[in-house]
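Each of the two complexes below includes subunit A, the first together with subunit B, the second together with subunit C.
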Partner chain A sequence: MKKKNIAPYFYILPGLLMVLCFVYIPIIVNCVYSFFRLSSYSSSMKFVGFSNFKRLFTNDVFPIMIRNNIYYCVISLIVQVGFGTILALLLESKLVGKAGGFYRNVYFIPSLISLTAVGLMFSFIYSPQIGLLNTFLKNVGLVNLQQSWLGDKKLAIFCIIAMSQWQFTGYITLLMVVAFQNVPQDYLEAAVIDGAGPIRRAISICLPLAKEQLLVCSIITVIGAFKLFTEVYSTTSGGPGNNSQVLGLFLYQNAFLHDDMGMAAATGVLIFAITVTASIIQLRVTRSGQE
Partner chain B sequence: MKKNLKKAICVGMACMMAASLVACSGNTSSSSGSAAPTTAAVQQGSEAVVPAPASGEKKVIKLFHRFPDDPCNSFIEKKVAEYEAAHPDITIEISSAQNQPYKEKIKVVVGSDECPDIFFSWGGEFSERFIRENLIMDLTSYMTGEWADSLLQTQMVEYTTADGMIYGVPFRLDAKLFFYNKDIFEDQGLKVPTTWDEFIDACEALKSAGITPIAEGNQDQWPGCHYVGTLNQLLVADDVRAKDYNPKTGEFTDPGYAQALEYYQQLVAYMNPGVNGQTHDMARLGFTQGQTGLLYAELVEITNIKQENADLNWGMFNFPLIEGAGNPGLLTGSPEGFVVSAKTRYPDECVEFLKWFLGPEAGAEQAEEVGWFNASKGVDKNLTDESLKEAYSVMVSAEEMGPWFDSSLYSTVCDAYLTAISDVTNGDVTPADAMTKIQRIAKEAQTLVE
Partner chain C sequence: MERLKSPKTAVLKILLHLFLVFLVGVIVFPVLWLVLNSLKTNQEMFLNSLALPKKWMFQNYATAWNKGLFHYFKNSILVSAVSLFFILLISSFLAYGLTRFNLKYSNFIFVLVLGGMALSEQVALVPLYKILQSLKLYNTQWAIILPYIAFRIPFTMFLLRSYFISIPKELEEAAIVDGCNSLQRFFHIIIPISKPVLASCAIVNLNFVWNEFLFANVFLESKSIMTIPLGLMAFQGDLKSDYVVMLAGILIASLPMVMLFLCMQKQFVRGLTQGAVKG
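Entry: the complex of A and B
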């Protein structure tokens, strides 16, 4: 009988240890902390059961946070994934031709800029007195469209979402372009012979074959929507009032400003639960499509 | 040959990866395992691990402050270098962070083993939460005789607990006053207002003349709370306020608090548009460029005003008087200074350094170079700038300081109050509703605080 080869297990051991140390164990420890009350400098932890979760769900800001995260999720899916895919189709089509590579790079560059730098830049652009946006509106004659953007209760979160779309649409476009480039040319040629126009080809051939990539893009967009932190932190810090508050920022503020690590851990557990559920649902939905 | 080279590269890479694994594990000492920002903050905030000086040669003292901008940063580095030259057995490692990140970093670093020996801390509740965890050293026994006499007692009070424990020494004094554009006031024929009604009349006159009366930017939420804190001092009795600011007994049911928010609303009507959409610093530009008539600012901003427009003809006056249950003798402002960690290995050396760094000689230099005063007496002796001398006389003649509102409040109450003020600024909530919410949070806080 052939002896079982144990060498492969040794090869994966370091990777497994790292994943355990930096991913799984922290998740479990975080769940444990969510049942205690402690701060970053306290010497002891006090067991409080489900009190942190109760306070989280009954917090006045909770509906606002969930609403903001969902806005981000839905708008990102439509703009980043939806519009990004259409852009990718255009870039791969004959319309754009040789210039496709150039446009691809131009659209991709914003996603290379650090999130904090973009946040600071847009803080300036949105500034009501001296910012670029209001100045531009004034010069074009649309003075009555001027707002205080990041200082406006209703507009703040949408301004932040808009900033994010600008930054990451190009990234999704690039991923989808790669997927579309892998579509075999034979299918497309066969479709042309059959008389299919460009739109028909895109919908019936390119999209289905790029389904896996589309799924990956939507999963990372949804997960990113619920982990949202840096964009809000570097612009409004949840303001004005608490109207642009999101789960990620709430977690951070509770951990380091309100001295409430337990609440932060509870928020972390919630974010984890939401993202895992969303990912599982997405995977199930597409798998059932394949069957 | 080629095969051997390949093998060698593979083995080399495997060793490198194994080494990086070991290197990483050394730093995760007290990390709590929650979100990534925690470990990132600890990595950034911690200095290189200090090896225990076996032979007792070099004593390393870690100093953490919140003034990374010049001229203050260079001033601190210069003084530290001077001290190190005079004391060859002591090395001082400096690190710093901006205001908002400092508030977050310090809480992580103080709880860890890499707590700085000397660090900046606001007086009041901000430091007292650390004192409750026994993280700050008691300086009362050191504060005797000559040292105690050389410091302004009205300022030292802010770094003393109700039980009489002295826990810090001020680095810069501060007070908040209304700065006004003398040229604009002269053109409009306005006098310096002393009462609230006179003040509102002046604002009204400026507004009718097409000049924005008050410059303000509340994006960071603390500027708004300075107004409300001062108004609270004028409208609520001192002992009631003391009871409410203490998280164990805080209720905020006194009608004076809602009144304060109503007065604040009156002020908002005269501020530039988009108050919540810009920062205080950006709004200050509007004042220094001569576009607004008034700015409620701190004395330490005098340096910034001079930098932004050296030709501006400005003056100062105290917050207008309102007849109420409160204490008009309080000057809103608070010294900011340094405390010593309870875990430091060199308590005497740290205290010696602070005595010198925050003493009269260094203070006089600081007043000249940075425009800030420490709590030692007579630091204006070398000053020639009239505006700074006026600022110093305001500080010295103050009977009692009224500390910054946000550093006096418990964390959850502070958050609720700042949010409420932000909403009131936008007109989204009425003062009465805001106070109802604050009262609820204050009641909750009574059970949360240890």
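Entry: the complex of A and C
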């Protein structure tokens, strides 16, 4: 009977240990680090209490970062989730017919490209001298609308946000299309018999039945907005000045450029608090749908 | 449920298609512009980046490939293959262990592992850096493979577990009578039946591993082991103002996942919609 007792652990332990060692322990350690002053070159640590958090919250850049992350979050919710869902409804409508699959795939493809490739690509598009945007404006005679885009203090973060909408709206559209396809056909047919028009059907049947997926999409968008890093790193590196700075990049720069790992850990705790709250809501929602 | 085609619906239909085609343009136009300029000389690109190339510079692609992209590709393939193999093996073991034995703690372990899905890579970055350094793994390919495996297990286990639950127990009972042990049943019954869901898991995880940047950027230092997303950034520094070659590089780097999606749409969509996580 001994063999039977060991067998389950043989299957479970490798996975469990991997997750504990490389996901849970680092995150716990990060919370500990946030109360210490430490450097990447030595192993010495000095307890500093809440001083890292104090320095984070009173930092001049802090309001800029929070503002940028929130801009990213709100615009993404409106464009990716809001417009993306409307787009999914349009693609599923009878008027579009068989071409819907083609449109859906084209819209989805940008999300398969790596963030750095898209970042570099848009650095070219926004480039003041050779970029697509300024060249286009020149060719149609709107020279006075030309901008330095990523080099502009006010515009930079919005240029990055626009790039993300280009890349990820189709992703949300795809998720919503699948959710709408799962709506039972007889519900829709019954509604047609009752005389409901296409807009009425979308609002009263499709959206309520896909509300769980809609919430999941909203939450992954919120989490994505506060994890934001590569998009900014590969285009502006937070500049000009710190005008397009975001939490994720601030963490990285403090840890590996300014050698202030305690501050980085404190920023990590803040990101952790925001994303975990959102994730808990998501897990609740997805699990409640299964039971 | 086709309705009578009135002129009003015909007009609506045309307007809708025009709108959708316009959106196709929004997606495709920047990419086309990139392709166009990747086939020019730098001088021509500076003159007017919207004009057609006078001389088609297909050699830009060869230059990009030979100037390092080839090595980054090789590294990405290696890292992806090793990561995928272990992600799938360890996660299916875990899902099997959780569904086939009546362990007292299996529900607790399931929730614990699943909770890993809620934790973001940024938060683990600094401690992982320290841990990998003390394990002497920093700046080796294992420095990214191990975190990739660990961070993808929760999602993969979640997908596999719900599939394994749906596999009827009778299939295995016959094998038990024949004297198969649990490992034999796992490899001869469970794995073959689960091929479709394993394919979905593989492709979604590949998309993550292939494009991952944050960990790779921090844990790898030597150019000789960099993966493609990181290599592209290094490439930008190496090429300085050779823009057209850079553009060719961006396009080459983006192609594999797009091709894979076009070939394996079904698995892709299923994997993505069952465990929606971004990035």
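Some notes on this structure:
We adopt the following convention: the second predicted complex is superposed on the first by the 260 of 291 C-alpha atoms of A that agree within 3 Å, B and C clash if a C-alpha of one lies under 4 Å from a C-alpha of the other, contacts with A are read in each partner's own complex, and residues count from 1 in each chain.
Please note the rule applied: contacts are C-beta pairs under 8 Å (C-beta built on N, C-alpha and C of every residue); 3 or more make two chains touch, one makes a residue touch a chain.
Owing to the predicted nature of the structure, the values given are computational and were not obtained by experimental measurement.
After superposition onto subunit A, the modelled positions of subunit B and subunit C overlap sterically.
Taking subunit A as the reference, the larger set of touched residues comes from C, when subunit B and subunit C are compared.
In the superposed model, A:Leu145 makes contact with neither subunit B nor subunit C. In the superposition on chain A, A:Ser39 makes contact with subunit B only, while subunit C stays out of contact range. In the superposition on chain A, contact is made by A:His258 with subunit B only, not with subunit C. Looking at the shared chain after the overlay, A:Ile130 reaches both subunit B and subunit C. When both complexes are overlaid on chain A, the residue A:Asn242 reaches subunit B alone and has no touch with subunit C. In the superposition on chain A, A:Ile199 contacts neither subunit B nor subunit C.
Shared-chain residue A:Val285: touches no atom of subunit B or subunit C.
Shared-chain residue A:Lys153: touches subunit B; no touch with subunit C. When the two structures are aligned on the shared chain, A:Val74 is found in touch with neither subunit B nor subunit C. The clash between subunit C and subunit B in the overlaid arrangement falls on one stretch of those listed (23-31, 95-103, 185-193 or 257-265), that is 185-193. Note: residues 14, 18, 21, 25-26, 29-30, 33, 40, 129-130, 229, 248, 251-252, 255-256, 261, 264-265, 268 of subunit A belong to the subunit B contact set and to the subunit C contact set alike, using the contact criterion stated above.
On the side of subunit C, the complex with subunit A involves touching residues 1-2, 9, 12-13, 16-17, 19-20, 23-24, 26-28, 30-31, 33-34, 37, 45-46, 48-50, 90-91, 93-94, 96-98, 100-101, 103, 106, 109, 112-131, 146-147, 149-151, 153-154, 157, 182, 186, 207, 210-211, 213-214, 217-218, 228-230, 232-233, 236, 243, 246-247, 250, 253-254, 257-258, 261-262, 265, 269, 272-273, 276-279.
The part of subunit A that touches subunit C in the complex is made up of residues 7-12, 14-16, 18-19, 21-27, 29-30, 33, 40, 87, 90-91, 93-96, 99, 103, 105-110, 112-117, 120-122, 124-125, 129-132, 135-136, 139, 166, 168, 170-171, 174-175, 178-179, 189, 192, 213, 216-217, 220-221, 223-224, 227, 229-230, 233-234, 248, 251-252, 255-256, 261, 264-265, 268-269, 271-272, 275-276, 279-280, 282-283. The touching residues of subunit B, when paired with subunit A in their complex, are 17-18, 21, 25, 32-35, 37-38, 41, 100, 103-104, 107-108, 110-111, 129-130, 133-135, 218-221, 272-278, 282-283, 285-286, 411-412, 415, 419-420, 422-423, 425-426, 428-429, 437.
Put simply, subunit A touches subunit B in their complex at residues 14, 17-18, 21, 25-26, 29-30, 33, 39-43, 60, 126-130, 148-153, 229, 236-237, 239-242, 248, 251-253, 255-261, 264-265, 268.
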